[in-house]
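Per-chain numbering from 1; labels A, B, C, D, E and F assigned in written order.
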């Protein structure tokens, strides 16, 4: 099972990284979303995997590690906020440049 | 009274001219104001001077930054005194001169201020007893000279000259700084007294060559020594008083002053001779030769200055005490005659309107008095007997004859010296003959020229008188000063020397005569030489330098542009490459590929689930150009991740993930309306391969690490949470208790992030205009049914129902999976559904459309809950909880954490709606859309 | 007895899932994909419920309920996007 | 008293639904009964602007009957759909059927479309913008008219009675 | 008694699974979008219904008291599933998706 | 119980929320709120500096949970210094913005306050995950601020900035996860203790984690090869925002220094990643020098100066001895404030030059150009490190503290590049004039803001010794991590 989760994390991170490197805002957004999925699962996995050992007091004698879960929750929320911002920013970029390209294909306005 | 105040006076004096300017526009008054404090300084110098003449070295020190070894330490010995007199004396003359030189419309106040600033800096250099302090003043002279050279900043030449001088001398200054720091490192002190007696220690240090090179770099750039001489002629763009002051008498002398100052510490080695003497000789010859060919009056003087500085440098380089004395002597002499010459040149420029010697001829007729002064000064420059230049030049010739450093090639030195003398006579002759005789003036801008105002000549007269006085009666005039200065330079007993006009008929005298007649001969052949020179490939050092600088700038731009190419991909690739490098270098060192604990058994459903997740992730990637499909696949990934959380005992996460997923899809759909639906492939193969490699390495690395951690043993702080959750936090759902209690501060930050994101998005969306598509992806016009009946009617009763569920999820959160965050998301989804079903207008008729206050209230509530614990004397966010009993209803428990959770709830609702509703409103601004 | 029934149900549901995935990938049109996704969500409800029975825990019920309650919103959003482009107007 | 009741429960059926849901979620206990009641009052009041004119349920027993009928139909018809799905596809006779609506209330129409969709073999594809016609897609139908009649009898009429519209 | 309940639970569950599968088979197998729409909207509802019934029985039996909250899932599903089906049908009609030739009647464009 | 220590987080948070609540169009009230908060922050920062100056380390246990279980805020000298620096920078920046820049877009004041909250939180927190949270707070606020106002260039730069930092955040989480997975703790002090004890596999993984953290902090600090986003972002941001951003790179530096000094100053993992950071810092320094030479706008040039200061500082901090930290901190204060001032100055110049903006081209005469030119001259001297101002002092101190030839060469050459760049900029903007134009005079308030920032230069020059002493004390405390650990964990370890 651990191997399986590791593979999942690997694939999520890989696809996320690959998409982040594409030249338009949309795949970058998708890539970052995938990446954050991968990272969330990674962070979650840091406490070890346990099946049906929900960390509720009194239900299980040997519950799963609750701390990573709390961290992931925070990370999900923050990730959502960030994704939302990026999406709107991508729209703004579309509005200002009339393209969703993020590769440096134009010059002179980069601030140099 | 402390002599160190001397240094302060010019700086204070720099404030005077602007002050005077405020009250009066009288130029004489202004000049007087400028001259006031330097005069005071000069007068104040009398008493310490007597002490110095009596053989004392005056010291004064105030701590400034002891931890750096930088103190405001000053020293007045012979050398410093000599230079102080030069700086102050010539400075005063220059102020007087400038009074008449500057035209009424120029900003004289500013000019004097800069000049006095420079004066102070220069005084600082010569009187510093601390090497760091000296460097400090050293750079200040560069800075103030930048301002002075660039005084006529409307001229391109002035701007460029100023920058060039600043760049070159600044570079030298930095080298000097490094050198001084190294000296300090070797000696253990920056105190000059300490350094001067540690010569042996410095020279024995392995750092000595480096120190020497760095210090000499400073010296050579400042004193315009070959090959750094080129800035000086271009600094002639400065007003002539500046040239007279900085570029003859003082600033360029700072370099040779440093040679003199550090003479005991650094000189005496072969390396010293090799570098200093060679550079000096090269400069002497080059400057002298080129000077002859200048048609610009000031250009000639500039190159002659270079040449004379080379002479002084050469003298110091000879490693002979007598030579050093001669060098000091020549410093004095050069200062007097060259300053007067510059001033004379300035007068000529002033009166004729040009400095071109091809046009200025026969001025003798028009301004004979000035001509006499200039001719005497030129003669001194040429080394004509009975003038001061002759004396030091004789000593110089004698010293070149004495030197035996070059062994069999020792004759080269006197030869070079004589050659330099020859050219020196030649250009002096040109200065005299070409300007004052040689026919009639040609096409002068101001014609006819006449004598300048009376007082403009006074400074020149004084200086020329000094030239003559020293030349005729050296023993009564300069001898005492020279003696103390030389003594201070050498740091010990003086060698035997005689200042007299007549030493008998000896080799130096022969050399002088050779120079004199050779020079006259060469000048007589000038036409041919000018032709020859004109045919030489013109090499303007300024153009070369500027070309270099510009090329450097272009190169820098190119490098910068290549790195900072405006491509997000490439920036991200750099970052990720760094990560990949970290992983590739670190992971192979792992001690194994499996942790200590056994794995959980695999089951089919999980396997399939994982398979679907992987497939969906890959599909998201593969199909990213078909954007909607890609989003669908991403949604599957989200679903599977939620199920994974379910599987591995994290229902809270599953709930959160599921609800976030919905909001994210809504967000993406809103955005897709304005985005292209499909894009073509546009990455090159190489790039794809690179990205695949990066993705593979990072993915694999992260997977391996995850696997190792999961299979490893972990002893963490978590048992504490499990143990204290109920008694300490009052809740059984440990995850939630961590969120609202143990690590409530994280959550506080997290909701703040959400709130800020909403604010930021609102700011971004305001007045954003986007072209929305009028047709769908298939080219059809949009459907007319904006608010489908079924959707509208069903979604409305769903709202209270969803709110009920939200309340349920919220209330149980502390003890069972759920909590404010999920509840908030459910609420927002339910409200968003209303937006989707019935439109913005409809919804905003029924509830306030501004969610800012909701966000604010949410965060505020959470914050105030935290602050509330202060009342009870506990830190921020300390929670409390208690059981309550109500009759009939029964026991229930209230925790202050629930109030905090309410804050979370409100923030989530407010932020999500603020983001999405405003994004949704975007299309309303698009006027092209019909019927909306 | 119950265990094998659970396994059997799991098997049925996962096959169902695979078929959904097939439709999702295959398309051929966007509505097909959305439909497949929607079905996948609904099948997940069943899966979670059965999982709850398997581990004898009611803690996962909310997850299933949440899917039932708000899962359709994304489907609706995509559908609205397809017809109107603008989902909030 | 009645005024108070009406003020507290602008929509008694919704309140009832919420109250029941609350009790379903939490199990019955006096505390939850009270809390549920509070919510059942507060939530409809709070969200009242969001459903301006939902007709009240006038005939509760009829509603119960209607629900049972629907549930039964779902159960039975599912079997037939299953047979059709698994059987040979060539025999299938799908059709778009337009059914004129006699219901006048939006909510009732929505309920009808939902019911049609839930019961196997038919999916309500669209409601005309004038709310007069319902477009139904049927999986396998011989006689459109019979289908329309059946729907009318089984679902539309009861709904009409329940909401009296 | 226990065995009976167990059987009942098992039957409900498997029935649910079967119907869910049938729905998905329909989704995969049926020829055009409109026919596919039928699969998930109802076969799956029954599928979920079956498992929910099993769950109801199981937990009520475990706790020896009626546990009805799972009913809510069905309730919500009944409310929401028709809406999504309806919206998808509208989308499909708007897009003018191909339908099986023998389909009678015309979809709308509005 | 003293709650002052949390005030630097709560004051801006409260102000930010009040600003959200305030009536939209009531600009005056918003300005007053913002300025009040900024001045309160300044006062609190001074207070906290006083508190920390005698060497006490104050620990604030949030939620009354003891470390390492709860989150703690820790106030030591370094933190107090950074808080003070932030407050000193923020007030003039806000003052400047209140002349109209704040009205170029929505929510400026709220975002500004939250930005301060994030920065202060990052400095105060003693918990790694909480550090992440505050990083996100300051980042998301900075995204908003960076995009404040209009213009395609700004949006483009902002997009890069945001996307890169999102990747950075993902890496941060991976690093944090690994740290938790190997040491089982998130508290910095506890981590410092536990990190010494891990062995074998865990140690290897911990190394990766820490290296990832360095990369993430390096991204924030704008280290090669992670700084590329910075010039465009800073140069295109609204001036007061850019000025405030001068502190942002220092947050990354702070994080590196904090974690490094706590856990990797010695022990089995001593010097983890130090070589790499050192090399990257030097490369950054070199490339920043090149960037300064190649810049064609004052804003960009100053942005590169920011990067240059980062390279200078990080090299000094990582060369291997914490003895260099004192001078580095002195330089940090100087460079942060001066770069902030230069951003404001660039804006004033651009306003005065109308169309020509802050590009290095001939432009109209700047109204009241003399004042600006004088200030520019002083600022340039200071930032380039020429005598006699604080830049020179800092540079000398750094050179003395880091006796490495390569560093000397690079630092001096970078100074030369700065000299060339600044003199070119100054001469083309102030001297190469084409005649009168329709530029705007710098208003009194803007000038005041600039002067407040620039006043630090003479102050740091005149009181260089006490400043240097104080910096040395900060560094001294940093070199004794056990004090910090003891204060946080009590007698536990």
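Please note the rule applied: contacts are C-beta pairs under 8 Å (C-beta built on N, C-alpha and C of every residue); 3 or more make two chains touch, one makes a residue touch a chain.
Protein names from UniProt, one per chain: A = Monovalent cation/H+ antiporter subunit C; B = Putative monovalent cation/H+ antiporter subunit A; C = Multisubunit Na+/H+ antiporter subunit MnhF; D = Monovalent cation/H+ antiporter subunit E; E = Monovalent cation/H+ antiporter subunit G; F = Multisubunit Na+/H+ antiporter, MnhD subunit.
This is a predicted model, so every value here is computed, not measured.
Path length between chain C and chain D in the touching-chain graph (shortest route): 2. Common neighbours of chain A and chain F under the contact rule above are B.
Note on connectivity: the fewest steps through touching chains from chain B to chain E is 1. The greatest centre-to-centre gap from chain E, using C-alpha centroids, is found for B.
Distance from chain D peaks, on a Cα-centroid basis, for B.
Counting C-beta pairs in contact, the pair that comes out ahead of the other among A-C and B-D is B-D. Inter-chain spacing, taken between the CA centroids of chain A and chain E, is 32 Å. Note: centroid distance chain D to chain F, computed from Cα atoms, is 62 Å. The centroid of the Cα atoms in chain C and the matching centroid in chain F are 48 Å apart.
The residues of chain E that reach two or more other chains are 23, 25, 37, 39, 45, 67, 69, 72, 76, 79-83, 86-87, 90, 94-95, 110, listed in rising order.
Shown for chain F are the residues in touch with two or more other chains, namely 129, 133, 136, 140, 143, 147, 156, 159-160, 163, 167, 174, 177-178, 180-181, 186, 231-232, 294-296. Multi-chain contact residues, meaning those touching two or more other chains, occur in chain D at positions 21, 25, 113-114, 124, 126, 129. Annotation, chain-chain contacts: A-B, A-C, A-F, B-C, B-D, B-E, B-F, C-E, D-E (touch as defined at the top). Across the complex, chain A is touched by residues 557, 560-561, 564-570, 572-573, 576, 599-603, 606-607, 610, 613-614, 617-618, 620-621, 624, 627, 630-631, 634, 637-638, 641, 644-645, 647-653, 656-657, 660, 663-664, 667-668, 671, 674-676, 679, 682-683, 687, 691-692, 694-696, 698-700, 702-704, 706-707, 709-711, 714, 716-718, 721-722, 725-726, 732-735, 738-739, 743, 746-747, 750-751, 753-754, 756-758, 760-761, 764-765, 768-771, 815-817, 821, 908, 911, 915, 919, 922 of chain B. On the side of chain A, the complex with chain F involves touching residues 16, 20, 25, 28, 32, 35-36, 38-40, 42-43, 45-47, 67-68, 71, 74-75, 78-79, 81-83, 85-86, 89-90, 92-93, 96-97, 102, 109-112.
On chain F, the positions that touch chain A within their shared complex are 129, 133, 136, 140, 143, 147, 151-153, 155-160, 162-163, 166-167, 169-170, 173-174, 176-178, 180-181, 186, 231-233, 235-236, 294-297, 299-300, 303.
Listing the residues of chain B that touch chain E in their complex gives 776, 778, 780, 783-785, 788, 790-791, 794-795, 798, 801. Interface of chain E with chain C (complex): residues 3, 6-7, 9-11, 13-14, 16-18, 20-21, 23-25, 27-28, 33, 36-37, 39-40, 44-45, 47-48, 50-52, 54-55, 58-59, 62, 67, 69-70, 72-74, 76-77, 80-81, 83-84, 87-88, 90-92, 94-95, 97.
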